[in-house]
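For reference, the structures are reproduced in the following blocks.
What follows is chain A paired twice: with chain B in the first complex and chain C in the second.
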Partner chain A sequence: MIQQAHIMLNSKPAACRDGETVLQVAQREGVFIPTLCHDPRLKPAGACRTCLVEVEGQRRLLPACATPAAAGMVVKTDNDRVKRHVKGLLALYLADHPKDRASETGAPDQLLDLAERFGAPTDWPAMPNVRAARPGDANPYVHFQPEKCIACARCTRYCAEVESVHAITLANRGSLTTIFTADGRGLMDTTCELCGGCIDTCPTGAMTEKKPFLTKAKPERQLEKVRTTCNYCGVGCQMDLNVDHSANEGRGKVVKVTSPPPGTTTNDGNLCVKGRFAYDFLEHRDRLTMPLVRGDDGKFHETTWEAALQAAARGLLKIKTEHGSDALGFISSSRCTMEENYLVQKLSRSIFKTNNVHQCAAT
Partner chain B sequence: MAGLVTTFGAGAMTNSIGEIRDADFLFVTGSNTTEAHPIIAMEMKRAVSRGAKLVVCDPRSIWLTEIAHRHLKLQPGTDVWLLNAMAHVIVVEDLVDKDFIAQHTENYEAMKAAVLKYPPEEAEKITGVPAEDIRATAREYAATKKAGIYYTLGITEHTHGTDNVYCLANLVLMTGHLGQPNAGLNPLRGQNNVQGANDAGATPVFFPGYQRAADEEVVAKYEKIWDTDLSRAPGLNLNEMMKVVGKKIKGLFIMGEDIVLSEPNACKLEQGLNGIEFLVLQDIFLNETARYAKVIFPATAFAEKDGTFTNSERRVQLVRKAVEPPGQARADWQILVDLGNACGAKWNYSKPAEIYDELARHVPRFAGISHARIEKEGGLQWPCPASDHPGTLFLHKGGVLRGKGLFEAVEYRPSSELADNEFPLILSTGRTLYHYNSATQTRRESGPHTKQPEAFVQIHPKDAERRGIADGELAEVYSRRGKVLCRAMVTREVRRGCVWMPFHFAEARANTLTTDAGDAVTGTAEYKVCAVEVRKASVPEPQPAD
Partner chain C sequence: MAAKKVMADKHAQASVPDKLQQAGGLKPGAARAVHEASGIAEADVYGVGSFFHLLAEPGVKVRVCTGLSCLLKGSAELLKQAEAAGLPVRACSCLAACDRAPAVLRDRSVLPDVTTEDLARAKGDWTKLASAAGKGPDWRGAIGPAKDDPERLAMNLAGAPDFSCAAFAKAKNLGAEKVIAEIEASGLQGRGGAGFPAAFKWKSVRGQKEATRYVVLNADEGEPGTFKDREVLLRRPDKVVEGLAIAALTIGAHEVYCYLRGEFDGPWRALEGAVAEAGKKNLFPGISFHLHAGQGAYICGEETALLEALEGKRGMPRLRPPYPTEFGLWGKPTLIHNVETISCVPAIVAKGGGWFKALGKSEPGTKLYCVSGHVKQPGVYELPLGSTLDDLAAAAGGYAGTLKAFSPGGASSGFLPASERTRPLAYKALAEVGSMLGSAGVVVLNDTVNVAWAAREQLVFFENESCGQCAPCRIGTRFQRVSVDHHFDRAKAGASGDDLKLVAEVAWEMNEGSICGLGQAASLPLTSALKYFPKDFEAKGARP
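Moving on, here comes the complex of A and B:
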């Protein structure tokens, strides 16, 4: 029998599988290791140094995200040396980062969260953030706030490794390092497909949705997330509608769409341009808001539900009486829910006695 | 759908989306995955970057062909030739999985006799794909264990759509790529709830859960469940209904579809609609079909109601109400209950979960699924016969659901309309990343509109040059049925002799051009092949209003 391989994690044995990193073992065991540049969808970059842990026999601290877990390894994630390192590192990140929550206009800023958790000093001498944004990028969705960027490259790696369009890239060196496009073009003039994955993966909210930013909507923390299924193609991506219930005179408003954490649903935290951004139709002025019945003048007139339902029932039943059941056709919709499709075929078959029921998706 | 039900016993993706990333060979045919199913495409990209081999079979060069190891750029409508030739290679070179064929299939000999008439060299003449490419693809597919086939409407929207599916199913069965992880035959569904709509029985041939309407036992069962008598007369499918609108069909109830924009041969359809006596429409926008409606119900969008959608991989997932509908708009299920009761029913569903329970209770493969369970555990994949069953990741494990996988001997039939002197170009239609179906939603959105503001037709440089059309100029595309005006996009992405148009644009309705000839089994219309001609537009370029 092969003995299951183990590492010692904070003095407790933890099973490790072939090819796993120290971070993966710790996450499975529920041992918290802070990360900023890590995204399970991406290859480990080991760039932000937030996840450094102490490994016995190694002189320096090692990045948990990029260190393979080897049997017998003795790892400490929470001793004073590691804590001191994290505190100092976060304080350095904060030196040129907005420090108050008021700056949190969009997604929760994980750097501020970690600083709070580790009690990182925020009074180290401040430095101006000198990263540059792309001037005049008129794309409709993605807004980049360079002062919040920590150059962890999650967005550029996502763009290359997951979406594979290579629209954005790191540019410049040192403190000038920023997120750029080829020739500094606007996103609409690059290979960008507006999937918004850069926004989703950004840990500090530097990449953010433009629409809620411009309308000064409430930050994400103050919105309720309603998990639902995307209404476009057949992949069935799970997504969270971020709702401000007080907007629209209490009717509620979908402020933005975010994806569930990677690894939890079929879409693995990914969404496309339609799923993430094409929800304005909900609010569109062309939406039908009243039942309509065509009058003798040939025009539609707004009416009550009761009147419209009676008119529809009378009209359909009249056809059934005069021309027979099979003179009626019922067209259901693969855009509507399973329950609604069930009701349409039940209506057709049990009330109107016809099997003339179908929808556009018969393939 | 019908093709897979016939051959395998279940019409759905055999495998799951999450398995794609670990496949070693991907055969993507008739699917522009990065545009129509971007998230599935991400899984394919991940597989390729891991080292998987990707072969794309499509008349156009698409995004995926750039990372593909091979592109079989076939002539539209010649799929049967190409797929049979692949089967030919597998049979002749003895690459078949003999054990699987013996244990799990029937009718192999008939299929074998048929494909032997399709040698790759002959296929090359008809499909335009080099025989060596066909051979190499067939060999790699047969030799790789984790080999999956992925297809979309490029396979099904033909008069021989079901034949195409049979051919693909033959390849899967002869190589035993069924009931295995990371393999199988996988139709990627175009709409959020294609799977669910069919599962729910919104089709003339099936009651819920693919119970055949022609089966007396099934009808009797539902007479008991619904406590009423039911019709035994076979129903018309959508394609058949559309052809007799205004004639045999005098009244229509339409929920959530804009038939004038989405059904083929639209001019003829509109003539029919002129003769219709009564039309009820239930939608969120006043669409093109509304012109013929007598009553319109304001319905709700997905964010305003509860229910379930079933995705391509048979996963039933919850749709949750997040905001209130505008004005007096009502949830679609509520409208249907109200309408049913106005017509004499006594339905007292108080929430969608109760409707789901009624549906699932009488269909064994859904019986273990309920809203409450999905709420707790997340989406569940059918078959899920009991409330303690975990759902099914991939189908046909340890045996084909049908009992034996059925080989079908398929012979090539040309598309219903071929190019001729008068209409020398073959038009295919399809979807783009930035828009969705009739685009009533996406064209009300700034991003897609900026990326893709207007209709266009892709045409090969040689074909454009001959007609004096430059890139970006306005062009007229016309067929025997209609004419549209759109912008010419001169590109080598299409084959010479072929043009391509998206179907999203109400002012340039590709469906006025397409033929309403349908597949013999499903009635699915041939949106992918019809004969057209293109000429430089005679109207002046519209000037922007200021």
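Moving on, here comes the complex of A and C:
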């Protein structure tokens, strides 16, 4: 019989699998360990120090995110030493960070959340920000607020490890450590693909969407998330439209697009530049929202889907009858899924009997 | 146009700091040029360049040391004078010339004993800056004992370089097991700061399954008050090279990487010469030596930060475990030793572990003590490990003035009061009082010094040299320094306040939470000064 390995987590046995970290075991067991620099998509950095736990036999506290869970390990996440550490650490972070919730203009600030949850002192004297920004960066999508940055390097690691883009880097040293590009250039003049993954992974909202920031849109907490499927390509990434229902005189407005948490959908929290930022068409006046059929007067008239499909079928069949099958051609969109593309060629070959079928991404 | 992305190998990454140096530092466009030459992403090149101050500020050609020993000799005034003269100047951290203070770095050359006259003679032209008292790159400091005595001194700095390689030949005959047994018998402890038993590392690397192993020389010691590596490399590069060769032979390594401070131009040439000599005579067949220049970062004296820097990355310490003996340079088992530690090896092999052990007083061996500040003859003195401050001061010609305080092992060891003058300067004895021997960079302060001021200057050092990776150190070092500044500002204004009430709690958190020794120890100058010299914090105008 195979014996299941266990660690002792806060005096209770917890099963652990080969290769798991202490953090992973704790998360499965429902034991909360605070993290800031951790993102399951990235290699553990152990840099933010919020997840330090006490491991019996180890002189120093160890980062749960980077410590392999070994059978028999005795781990404490909630004793006085760990609690004192977390409070002190969060208080230090707060001394170097805006403490007011009013600063939370975009995504929820997980540092403020943790400080509240652990009752960290908020009265340690504040120090002015010394991290450099990139004021000349004219890129349309990504805005960096250095005063909110905790230098956890999630954005730079995401850019390198997940996207292999290496557009941004940790720069300088010590308290001057900041997120920068080569020579401080704008993102458009780097390898950046404007995927916005840096925004998604940032735990404090230091990296944020530029448009809602500049237009002073409501913070993310006050928006409703509407889950949908990105229709730019056939991958089927899941994404959340963040809707402000009161905007546009009550007609509502999509303030921004965010990705669902990593590990919950097939796109694992990732989106590309189109999915995350190209949502303006939603409110464009030229956008088709109803089927239209051209009438005898030469103008488009709103109609039902049933009537529109009937009209299209009639037109196609008429051409086939009058000019033969090869007078028809079918072109499908790269925004279609593979199944939809399959159906288009089926329609073309089986119903209309022509091989004139193409897909715009096939060239 | 956006930069191309190119896949690159580990050697391309390792070449980044050198290539940036050749490009004249991180000038606009340099990161792009190095990217094109190496294939390393442009932003990553920039990140590396901006980390190291010798690369990050290409316009700065003159750096005035603001280490404690140099400040005591008027370096703050020198800095002001240099600024007024229009020189491209900045303050910098310790230049490892505390015995010849005040020191100034001109480009990559350390000038010792710089005077206001020297600065005036340069007439605002940094290329003309020279020290009348220390001409050329091979200036040296005082050493003691000044006489060749190989029977009682493991390092024997006064001895002539010896390339007979008798110890290496003996090591070859003994075989690895017996060499390690001798190292173990000697009780040799790491002399870079931690005092870790050397034999433990050797055994650990030798016991790894992975066949590719490396030996790394840590000659990037930047602990303020420490300058012994400079003298060892200048005077006994033979011992350094032979020690490294014995280590490589014993653990089964074929490559030895030496990482030297970027400010060590003379010592670099000395080591390069010794390596060339060994190569010419084929003294260590099958073992090759590679020299790498540091680019200005105290943290790279920390062994895992050094490994990162050697790989051409930002010098940020790694999480441990795993330790370098298991996962070191390029992930291979690596034996990494400080200059002094490795230089003890030839004598231990030649004369036996028992001989070395018996040289010590409270702990094994002789030890190089650097002493600077208020003694008559600052320098490097080789004394039995466990000698006291009084012993050391006697070797250095006596105290200058009345002893008030001393820092036994660099900035990281904090301050001790004069009453500890008879405590052995050794690993255990100093740990008992919450201090440490560290790198044995002893700074002596007489009663003209306000220790609160001295502590504040050490805090500035740690704030400047924190790598910034982990918050306890990145934020904590600044927080502590700001607290002291607020305290002094208030005291100057005649007001009272409680600016220092959080010092102990922040120090506790920095010690518990920091990744490496820098952050863990960085509060010690302040907490020890508060403990032993509380009155100095009451003095008005303690901050000059």
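Please note the rule applied: the second predicted complex is superposed on the first by the 285 of 363 C-alpha atoms of A that agree within 3 Å, B and C clash if a C-alpha of one lies under 4 Å from a C-alpha of the other, contacts with A are read in each partner's own complex, and residues count from 1 in each chain.
FYI, a contact is a pair of C-beta atoms (placed from the backbone, for glycine too) under 8 Å apart; a residue touches a chain by one contact, two chains touch by 3 or more.
Everything numeric in this text was worked out from a predicted model, so none of it was measured.
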Of chain B and chain C, the chain that contacts the larger number of chain A residues: B
Which superposed partner A:164 touches (first chain B, second chain C, both, neither): both
Contacts of A:70 with chain B and chain C, given as first, second, both or neither: neither
Chain B versus chain C as contact partner of A:214, first or second or both or neither: neither
First (chain B), second (chain C), both or neither touched by A:336: first
First, second, both or neither for A:313, with chain B first and chain C second: first
Chain B versus chain C as contact partner of A:289, first or second or both or neither: first
Doubly contacted chain A residues - partners chain C and chain B: 164, 188
Complex contact set, residues of chain A against chain C: 46-49, 52, 60-61, 63, 66, 81, 84-85, 88-89, 92-93, 95-96, 124-125, 127, 150-151, 156, 160, 164-177, 180-183, 188-192
Residue numbers on chain A that touch chain B, as the complex places them: 139-141, 161-164, 188, 193-195, 226-238, 241, 243, 248, 250-254, 265-268, 270-275, 277-282, 284, 286-294, 300, 305, 308-313, 315-320, 322-323, 325-363
Chain A-facing residues of chain C, complex: 1-5, 28-29, 31-32, 35, 41-47, 50-51, 53, 56, 297, 314, 319, 463-472, 474-479, 482-483, 486, 499, 502, 505-506, 508-509, 512-515
